[in-house]
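Per-chain residue numbering starts at 1, and chain names A, B, C and D are given in the order in which the chains are listed.
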Amino acid sequence: MVNVAIIGGSGYTGGELLRILSNHPEVEITSITSRKYEGENVENVHPHIRDSKLVFENKNSEEFDEDIVFTATPHGASMEIIPKIIKNTNAKIIDLSGDYRFEDYSIYEKWYHLKHTGYIESVYGLPELHRKEIAKARLIANPGCFTTGAILSGYPLSKKGYADRMIFDSKTGVSGAGIKPSEATHYPNIADNVNPYKVSTHRHTPEIKQELQRYSPVKISFTPILVPVLRGILTTNHSILKDEYFDFETKEQREDTSGKIEELYKKEYEKDPFVKVLSNGEIPKLSSVRGSNYIHIGCFEVDETGQLVVISAIDNLVKGASGQAIENMNIICGFDEKLGLDFFGMHP
Amino acid sequence: MVNVAIIGGSGYTGGELLRILSNHPEVEITSITSRKYEGENVENVHPHIRDSKLVFENKNSEEFDEDIVFTATPHGASMEIIPKIIKNTNAKIIDLSGDYRFEDYSIYEKWYHLKHTGYIESVYGLPELHRKEIAKARLIANPGCFTTGAILSGYPLSKKGYADRMIFDSKTGVSGAGIKPSEATHYPNIADNVNPYKVSTHRHTPEIKQELQRYSPVKISFTPILVPVLRGILTTNHSILKDEYFDFETKEQREDTSGKIEELYKKEYEKDPFVKVLSNGEIPKLSSVRGSNYIHIGCFEVDETGQLVVISAIDNLVKGASGQAIENMNIICGFDEKLGLDFFGMHP
Amino acid sequence: MVNVAIIGGSGYTGGELLRILSNHPEVEITSITSRKYEGENVENVHPHIRDSKLVFENKNSEEFDEDIVFTATPHGASMEIIPKIIKNTNAKIIDLSGDYRFEDYSIYEKWYHLKHTGYIESVYGLPELHRKEIAKARLIANPGCFTTGAILSGYPLSKKGYADRMIFDSKTGVSGAGIKPSEATHYPNIADNVNPYKVSTHRHTPEIKQELQRYSPVKISFTPILVPVLRGILTTNHSILKDEYFDFETKEQREDTSGKIEELYKKEYEKDPFVKVLSNGEIPKLSSVRGSNYIHIGCFEVDETGQLVVISAIDNLVKGASGQAIENMNIICGFDEKLGLDFFGMHP
Amino acid sequence: MVNVAIIGGSGYTGGELLRILSNHPEVEITSITSRKYEGENVENVHPHIRDSKLVFENKNSEEFDEDIVFTATPHGASMEIIPKIIKNTNAKIIDLSGDYRFEDYSIYEKWYHLKHTGYIESVYGLPELHRKEIAKARLIANPGCFTTGAILSGYPLSKKGYADRMIFDSKTGVSGAGIKPSEATHYPNIADNVNPYKVSTHRHTPEIKQELQRYSPVKISFTPILVPVLRGILTTNHSILKDEYFDFETKEQREDTSGKIEELYKKEYEKDPFVKVLSNGEIPKLSSVRGSNYIHIGCFEVDETGQLVVISAIDNLVKGASGQAIENMNIICGFDEKLGLDFFGMHP
């Protein structure tokens, strides 16, 4: 059994850590913190978590004697807390904020408009790309929600250098905006609407670039869109294929290209337990992954202009946040990667 | 042409007044106020209202020289503003808040937990019950949104003394909670949920009582429920019929009772231009009245226990607020009651 | 390990049985049938269930050698299949249709407009009321979705004879209407609408009566309402309290009555693992039970007319169908009642 | 006054023609047809249209003596009916199907998999591009819903030859799928989902190409996506700008480029009464145009890769269908283009 602490556990990612870890056979949650809700039972904030007996605490960094600490704190806060925990405890840390996701901290500072004051070496916690480094890490930077869906939809292509350009048009459920009400999450602004925001300026853009441009100089564009959905990110990756590698003039050529790309993805992800590459043009559905740690990737349709459409679906709070964090925990603890995460999505 | 001012025009009822009055052939909107948005174009706040050239002002009560003033101000604010306008101008006033809806101000003070400091005689602006008094009024208290749907679903029964008890279970769209974000209107709290609130303690309860108990001592219970709907209130009125008037043991008796009640409603509302009483058990649909000033009333199903179900559907922002306010304006101005309001709902 | 068959597994309840049983430590699903999809992988129909290797079969009743058979067949079909399975196999059967829910088969025939041709003794599978009989049963009639939420919201009151009348106004998610498209489930008819249907004539009415009138002659009325929600039934039980037992004139009396009723419910359900009685007026939320087998019961607000509001929330596909079926399986197999069902709802 | 007939009036576009034409000051609807609903009042099918006294008829083509005939018939049916009406009557015809939208009928036959048997000269009814020809036309082919939003979002760019490629990622409300229930419109398949379909193979693709490639050889890709929205199409046009015309390396260059493109659009559409080009990066909202004939176009964000995002919002049933059909009617009748259409969208 490993003991686990959750710092900043009053938000949606905190709730998901609780929901999933409650059924993890090798984990005991021994503390959960929240300044705002200090002294309250977790069920007052997370009405689905009943009888846990957990109470929100307000603890200092030296007081954590857990094996694993999840920091579900906002960016800016993580970089203050984590160096202290590293210094004062033996815990391994999985950070759900953006603070430790960048190899080049000047990129962080440019996109987050914030000075980074707590530099520490970290590993980017996307198991499909960095499983080995994760296993040995002290500090894991859990990827952003959009980022997970986007990178995994483009990684096999970029690795091969097959695409000139990827345009990500990503539709996200509103839980991605967090537990705090705002104009952007006000029901009458969301329902029956489709709201693009921070077009070309969203902070997940440089994360996507960092991971995908590692392999080839593919151009990256990113448009996030709020849709009237609770959970889930459906990413439409419009990739422009290089015509030196593929043909797409005739219907047969396009089908052939499509088939080759499906194969490429299947091969790449065959050992990744949470990636399902769909066959024969099947289109991923958010409801198939809702509540689960799976990512479904499919479509692979090519048109006459060489535009390939790859579509991925995740639950933004699970594979896009807390589930992936637990997957990372499993890896660093030497557990089976699926332990406690081996359940299907909820359709309908 | 009448000149019209809207005080407190930055909320949803302000937006609806603008939307509808823009097409009213006898109205010119000559001023609209908002402290918060002083100096801004209305389209910054109401993105659907384009090219109106209206700019939010911040005006004193003596500065209004309009014929009609709509006060779309919160309760508490209306009672401060309206006495000044009455004193300083010749305007007739239609108030959309709760401040002037009660004949007995102690009831207001009890339910609103607020001292009423600006008593003035008013008429309760429900045309189907008070058309004649409205025509002569200086100050009209526009009814609450729940109230309109509830009262009109029960009025014919109460007038005849046919019911012992009415239990209103009213499902409201979220626009009824206003333009200001809150936990109650946060998309993830509303979507895929059904949220009863202020059960038996909602402020519209005493309004419903005032109007329905005028005719017979019917017991009134009221449960408001937020549902994942943008606009509309569907009221289920569970009325307990008195067995001295109706039979409901056999199927035939129930059908007969049902038919008699449908007739009673049709007769009562035959001259009311915005009430449609549906036939043969047809159930009102929110989409049939969405965006319009109509109220549909139907169902009239009776069961073996003598429980009659009457269902009404309105758009909470139109017949439940701004549309009814304009209907009241038409009456006090001597216009046709349907002028500028003669359009259908939007289905789907 | 018990072997399990699912007959008629292509609908939503079939999908939920698969989803939940996939993680049940003592169960192996050894066959699943569907005439329509014979030969197809289950993931073609249930896109969230991946890699199960299960293929829909078309089997005769004598071919089942499983320990447990779930019949997720429509009413009318169950009564044809089940007698044959009883005769030809040793399986215990949990039927999810309405065919075996009634003690008096003339009631079935009256409400279902169908001759019952396959009478067999059964136990009504609501563990909170019939746990002991379930443990010994050969055939369990799993309760209807509305029924579960309604009965459990009223049972403690009826047992004591405290209420004259219960009016159930039940709001259901659309998954309750099943997997087959129809006008009633067409998105543009549901979204932004609230659709009462079969008012006073729904087939779950006599089930509710059977179970609640067993203890006292409480009058029962039932109105089902489709709301734009995927999963979940929120039942508002408007109970008319007998004034010989309770006082409700003053605020203090009402609060006292409210507290006593909360206590009554807590006591009644203290040993039921899936019933959570909420405290201090907390209102159950669908999202708290979404995807889980819990029922939350709360509110307990009383008004001056003696109308008590009790609210219950369930997931219609879990506690309202497949989860409760598995709970029944656990009981007849002698497992812990929570085995494989011990997970929380998904909020948000 | 012109007399108007609606052929095939039982669908959503028929309902919208009725809703809008009911308030058109120069129109009388003198007949409406439907084979399926012959003899029924329109309010049985369109529950929002009350007291119209219109009854569905089943008429032959020679029996129409109206001035204007709207054919709201499916593709395939229009090409059978329209040649007969042309031959037997003097009516001008506005066809809402795809049958007459293509200059080259081989393209129609390829994409619709149907032999075109009723060739007649027509004008493509997009007023912003073809107003003059529309004014003189006998037969107008009203554009597709996706097409309207896509073409108008790209037309000014294509006219100038500024873009290499346009990738349209178009999110549509479910009313676009029509009144007939199907698996694709089943509520549990749509709610909380985002469903791309017919990726790169949708029939509106060749329409978009026909109109946009008239001016420059821009590459066109099109992905339609069903979202849980009732009405509205939000089109994200990802255009790849030619670097010979624009700079986008530095932030200043990108802002400058963005400003120039906004100006280009404003100039192009300054005389088009239903096009609103938004300023300063404002993002169009579906709710701003809901129920209205307006199209809002905005965003104009450019990134470092030269990808420009232009976003348009329409109501698919109004500017995307029936509203634009009435706009075309106004043009051919010599009325003011806004007559009967001069109302705002419904936000929220």
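Points to keep in mind about this one:
As a working rule, a residue touches a chain if its C-beta (ideal position, glycine included) is under 8 Å from a C-beta of that chain, and two chains touch if they have at least 3 such contacts.
Since we're looking at a predicted model, the values are computed, not measured.
For chain A, the chain with the farthest CA centroid is B. Pairs B-D and C-D differ in how many C-beta pairs touch across them, and the larger number is found at B-D. With each centre defined as the average position of its C-alpha atoms, the distance from chain C to chain D rounds to 46 Å. Our note on geometry: chain B versus chain D, Cα centroid distance of 36 Å, whole angstroms.
For chain B, residues that reach two or more other chains under the stated contact definition are 12, 175, 188, 191-192, 228, 230-231, 285, 287, 290, 348. Considering their complex, residues 165, 167, 169, 171, 173, 188-189, 191-197, 199-201, 219-221, 223, 225, 227-232, 234, 236, 238, 240, 283, 285-287, 290, 299, 301-303, 305, 307, 309, 311, 348 of chain A touch chain D.
Looking at the complex, you find that chain A touches chain C at residues 12, 15, 19, 22-23, 46-50, 175, 191-192, 230-231, 276, 285, 287-292, 294, 342-348. The residues of chain C lying in touch with chain D in their complex are 12, 174-175, 179-183, 185-188, 190-192, 228, 230.
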